[in-house]
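Letters A, B, C, D, E and F name the chains as they come in the text, with residue numbers starting at 1 for each one.
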Amino acid sequence: MRLQLASWPEVQEYLTDSTGIMMPIGSTEQHGPTGLIGTDAITAEEISWRAGELVNALVGPTISVGMAHHHLEFPGTMTLRPTTLVALIRDYIESLASHGFRRFLFVNGHGGNLATVGAAFYEIYQEFRQAHGADAPALRCRVLNWWDGSKVRALSDDLFGSRLGNHATPSEVSVAAFAYPGYVKHAELDPPVAPTGRFYDARDYRRRFPDGRIGSDPSMATPAHGERLLVAAAADLAEAYRQFMNED
Amino acid sequence: MRLQLASWPEVQEYLTDSTGIMMPIGSTEQHGPTGLIGTDAITAEEISWRAGELVNALVGPTISVGMAHHHLEFPGTMTLRPTTLVALIRDYIESLASHGFRRFLFVNGHGGNLATVGAAFYEIYQEFRQAHGADAPALRCRVLNWWDGSKVRALSDDLFGSRLGNHATPSEVSVAAFAYPGYVKHAELDPPVAPTGRFYDARDYRRRFPDGRIGSDPSMATPAHGERLLVAAAADLAEAYRQFMNED
Amino acid sequence: MRLQLASWPEVQEYLTDSTGIMMPIGSTEQHGPTGLIGTDAITAEEISWRAGELVNALVGPTISVGMAHHHLEFPGTMTLRPTTLVALIRDYIESLASHGFRRFLFVNGHGGNLATVGAAFYEIYQEFRQAHGADAPALRCRVLNWWDGSKVRALSDDLFGSRLGNHATPSEVSVAAFAYPGYVKHAELDPPVAPTGRFYDARDYRRRFPDGRIGSDPSMATPAHGERLLVAAAADLAEAYRQFMNED
Amino acid sequence: MRLQLASWPEVQEYLTDSTGIMMPIGSTEQHGPTGLIGTDAITAEEISWRAGELVNALVGPTISVGMAHHHLEFPGTMTLRPTTLVALIRDYIESLASHGFRRFLFVNGHGGNLATVGAAFYEIYQEFRQAHGADAPALRCRVLNWWDGSKVRALSDDLFGSRLGNHATPSEVSVAAFAYPGYVKHAELDPPVAPTGRFYDARDYRRRFPDGRIGSDPSMATPAHGERLLVAAAADLAEAYRQFMNED
Amino acid sequence: MRLQLASWPEVQEYLTDSTGIMMPIGSTEQHGPTGLIGTDAITAEEISWRAGELVNALVGPTISVGMAHHHLEFPGTMTLRPTTLVALIRDYIESLASHGFRRFLFVNGHGGNLATVGAAFYEIYQEFRQAHGADAPALRCRVLNWWDGSKVRALSDDLFGSRLGNHATPSEVSVAAFAYPGYVKHAELDPPVAPTGRFYDARDYRRRFPDGRIGSDPSMATPAHGERLLVAAAADLAEAYRQFMNED
Amino acid sequence: MRLQLASWPEVQEYLTDSTGIMMPIGSTEQHGPTGLIGTDAITAEEISWRAGELVNALVGPTISVGMAHHHLEFPGTMTLRPTTLVALIRDYIESLASHGFRRFLFVNGHGGNLATVGAAFYEIYQEFRQAHGADAPALRCRVLNWWDGSKVRALSDDLFGSRLGNHATPSEVSVAAFAYPGYVKHAELDPPVAPTGRFYDARDYRRRFPDGRIGSDPSMATPAHGERLLVAAAADLAEAYRQFMNED
């Protein structure tokens, strides 16, 4: 169930059974000539919603804008500063913890978010410890990339092999295409498989990856692949959530 | 066009014609026994998307969590601290201004956001002035409540009269019901029209408004009303956007 | 009684009877060719002091610098950033709440402050809730513009009609002139009634309102008018304070 | 001239001659059984206003609330957090520097402010350097305690000798009494001369100095002494300001 | 050369040849019954100093306290909040960049630092971009764990095999023992190899890992092993630094 | 005992006897043509370590980078912003206080740190008071300059007389030379004794003191003097620590 589509009595009822919640987090950033700017938010939330149904988990509102500084040389990219995202995640968890939520599984659609989300968890633990000492609630926060589960990884390797790449991948573009089939874009990709490598700031990124892709060939993306990937990723996530909730 | 559903070359193209963008901002908070927790975000984004099509305006990602401290005694409510929302809006505008966007129309779904959004605009103007002096880009930021347009206000008065109220109104509940007809909830409302009055912090709010509503009778809400309200509000918003873009 | 003119045993005594306090907040900003830069602080504090005597309320130290970014193109204007004002108000209330004060009526002399003061109240409620949970003191914070009371509004309409305007009004200039009769300035006002309209940042403001006034004719201001307005506003404020203290 | 009592064209005119300004900073804190809570703000502003006239210097709005955490066990005391005061002073100087002010002489009424004011100057220099590099304006900020000038120190020694003490001194109480003769308080002081010594936090302070005084006998204070002290301190300050403005 | 042991003319000379610098970052946290609390800072700095000599690189001052919230249930552990560490790293780089340094290789002694250091780099890139736009210097920041190089990893596997573990490892304990042979501690370790597993906040950590170790057997540590590990890690680091400096 | 060289059981044992700790704080800043950039950190830590042995006090990790904005025109200087140092000191004390430490003696190697360290203490007291009210632990924080003790001051006067000066003094250069005899530098100093005077920002500092020294003749520095000064300063500090721990 999506939190946004519940009423408060329904949430009250849910909390009598479970203190867990999934929190999708994406990004609003360029995804190459054909990928949607919202790809990372769309994939994270679609997979979370599907997995949420499999395990009867509540799914919180999607964090749509994440850490995308390095894409800012491409129009449409938006980013938070890390300190803003830390504050936002702290506020989200503070709110939900006040109702009794205790286990927070962040479902991540953008690798660039990982560092800052991890920093946010430290900030939260420390704030609760300082504010409440021995009485602080025992919060548990984790973050998972949706593409890291075993099922979706196997399928993605199978479908795209070495043309998967690292950014604007046919995998994520497929999932977004399945979610929004009316918005599939076409463009000639030159070279067909984008270059790879390390990068630093936004100008450095654009210099190295002129059309925005890293190592990928998103021309392989299709809505049909997207559906299969979504199903696989949701199954992986459902399993991870169950383990997370059952952990000692 | 939704920014999330565009590619970066499409945004680049858009910017050759316009520097304007609509930014939906809502809240994640209780809306009485039957209203969706995401009502304010859903209404703001649905109306913005519709209006965006009427005037060919880009619509940014929805800010789903706003200023809802006073609803925190009801499970499921989430809030940012004002300083977090100020930072978030600053980061959003900073990102978009770096691409050339100059006119930002925030479409608001929650009255409680107004003060902090207004404060954020001041913070942004001052930061740009301090950082860039005479070279600062001439940003223009405005915020509008979607229910304040003349067409939607007339319709709302006509449909609900004095049973509209101030929170969990049949108007907003109708728009959300139209958007998500599968999630319409039913509950006995007692009293049928909720009490009204001023309130202070979250405990004070719950004491005065035990089921969360203020002055409203959301049992009057229907998806059909919602569609009409959505059309009216989008027309109002489209007109306001045109004026905003044409202002000297 | 002004807090600044009390001793600590007097405050201790006061707290045995009342937990209320008035907090004047103004601004330090241009007020047209003839208005004092301190007009908004002076009016807020003079009216608070007078009203404080009528209802035996303590009056805190005036916040002299507020939200005046949009006036910065005029020499002498000072502004806080919104986040600074939020922190300042939080610190003021935190200090006073530690002594037992619970009801804070901010008496505002500058419309531009309203948004940020409102944001500050949210921040405070949330900080106290997070720090103290169910044990948080039940704070009540309100803000009133001194010119919004019924008596002073009627008098102002009567004296100035449509030439009152929105900034550097003959009403506020009169009150300041009554308070500081030795500092009344004279200048030719061209046009006699200033233009009106919406504005955005500081440069936009100066472009639209070249001498700083909005819609007003402050040549109508006199110390005698100021005294009558001060008396009316103080009576309105005294009544509002009584209601605030008696609220359930 | 007090900035608050000037119009913007007057400030514009002033800036053609001078880039200097005096900034009074005080505190709102207990001053023993008889001293005014606003003593430090009152003394700083009265002396600044007098000195301002001697040297034709503009005097900014008084910072009334400073660093008074250690007095918080006494009702009526208010304090900012150091980080708030740093932000406030940064905003003040940022505003004034944008008009062309360059030399800022803070006139201090409370020893406890010195550390944080000094920290604020560092923050400002660093922010301007980071924002503007080689183009940063050459700001000069200093802070002086009004009781440290040679004339006022000699007079104070002469009048009060070893009964001057460190807090709630007859010197500062006299200056405030001269400024507000209607608010002179009387109370038996026991012991007549308060104890002295180091202290740490607020509870420690109250334990060591039960009536709030440190080392002082404020029963020696009179308005007449206050006038002489005010004149002496203003002369010292005028001389310091001249030197500050003439420094290479 | 250590920056701390250079004079400013020596740094000026260095900058004519290179814009690179190594920055050791560690932690101050429990390392089991026998490990030094400063292990992570000591290892990072000793390896950096050695590597700095191999490649004539300047080595900045060690960041001794890092992200160690999860160890706070063990006496002596210290931690920064993530937002503090982000600010600290920003200030360090801001300072050094003002002199002309451009490539910053952080040599990390504590895995828990990685997320926050990564977040800090994003914050820095974004701040420079916002402050300086197209004129921002092209900064490059990387972070490496000293134990991740191929030579040191091979040696560590060879020496300790599966008893290496994750915290209070015989590898890090050996390096610290080589650096401070007078401070080698002895204690019975029970069980000899500590348990492993995931953890959340500080209380959860102590519950799972009662003596502080994770998966390790530090009884295998010796100063002699430490010397070999130090030499290997420094060689790895020297190579990584050379590549970093030669990157396009 | 240095905290960094202790194990957590050793700290646990220490806390059964004492709640005191010494905290060295220095700076990373130019010290004239011959002084080490790390002089202030080196002197503070060497003296603290020696004194710690005299009184069996634990010595925390050195804060190596302090408030050195005014030296930034000299290559190699690093500085924190005051707000960063306040946060860092708060985090240090928060961590240590959670283990039971109560008395914190900061041993300072750089006069420029004093203001901000003092501000930090206020921030800490206020945060603990706000978070914990009457249950806040009774923290005591003090800061001492190592050169202010009577023994070291007498010796320094005796050795260097009026050529001691204020920055890059032969006293601090001697102590650092004793600690790191392999890094003694030589350069012609012109003039032999540097000029003195007040300064404002970094550019102003460099203009007035072109080689970085203020009023000093560091050519008088020797390692042998350094040893004597170190011994004297450590004896002074040991005595100050004893008094601090025995204070009522």
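Keep in mind that, in the parts below, a contact is a pair of C-beta atoms (placed from the backbone, for glycine too) under 8 Å apart; a residue touches a chain by one contact, two chains touch by 3 or more.
In this text the structure is predicted, and so the values were computed from the model without any measurement.
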item	value
Inter-copy rotation, subunit C to subunit F, in degrees (Cα atoms; steps of 5)	120
Interface sides of subunit B and subunit C: same vs different residues, half threshold	same
Gap in Å, rounded to a whole number, between the CA centres of subunit F and subunit D	29
Averaged-CA centre spacing for the pair subunit E and subunit D, given as whole angstrom	46
Euclidean distance of C-alpha centroids - subunit C vs subunit E, Å	53
Residues of subunit D whose C-beta touches two or more other chains	72, 79, 81, 83, 98, 129, 131
All touching chain pairs, where touch follows the definition stated at the start	A-B, A-C, A-E, A-F, B-C, B-D, B-E, C-D, C-F, D-E, D-F, E-F
Of all residues in subunit F, those that touch subunit E in their complex	2-12, 15, 28, 30-38, 41-42, 60-62, 64-65, 72, 74-81, 83-84, 87-88, 90-92, 95-96, 98-100, 180, 183, 185, 187, 212
Contact footprint of subunit F on subunit A as seen in their complex	129-131
Subunit C to subunit B touching residues, read off their complex	67, 69-70, 72, 79, 81-83, 86, 112, 114-120, 122-123, 125-129, 136, 138-141, 198, 200-204, 247
Contact footprint of subunit E on subunit B as seen in their complex	94, 98, 131
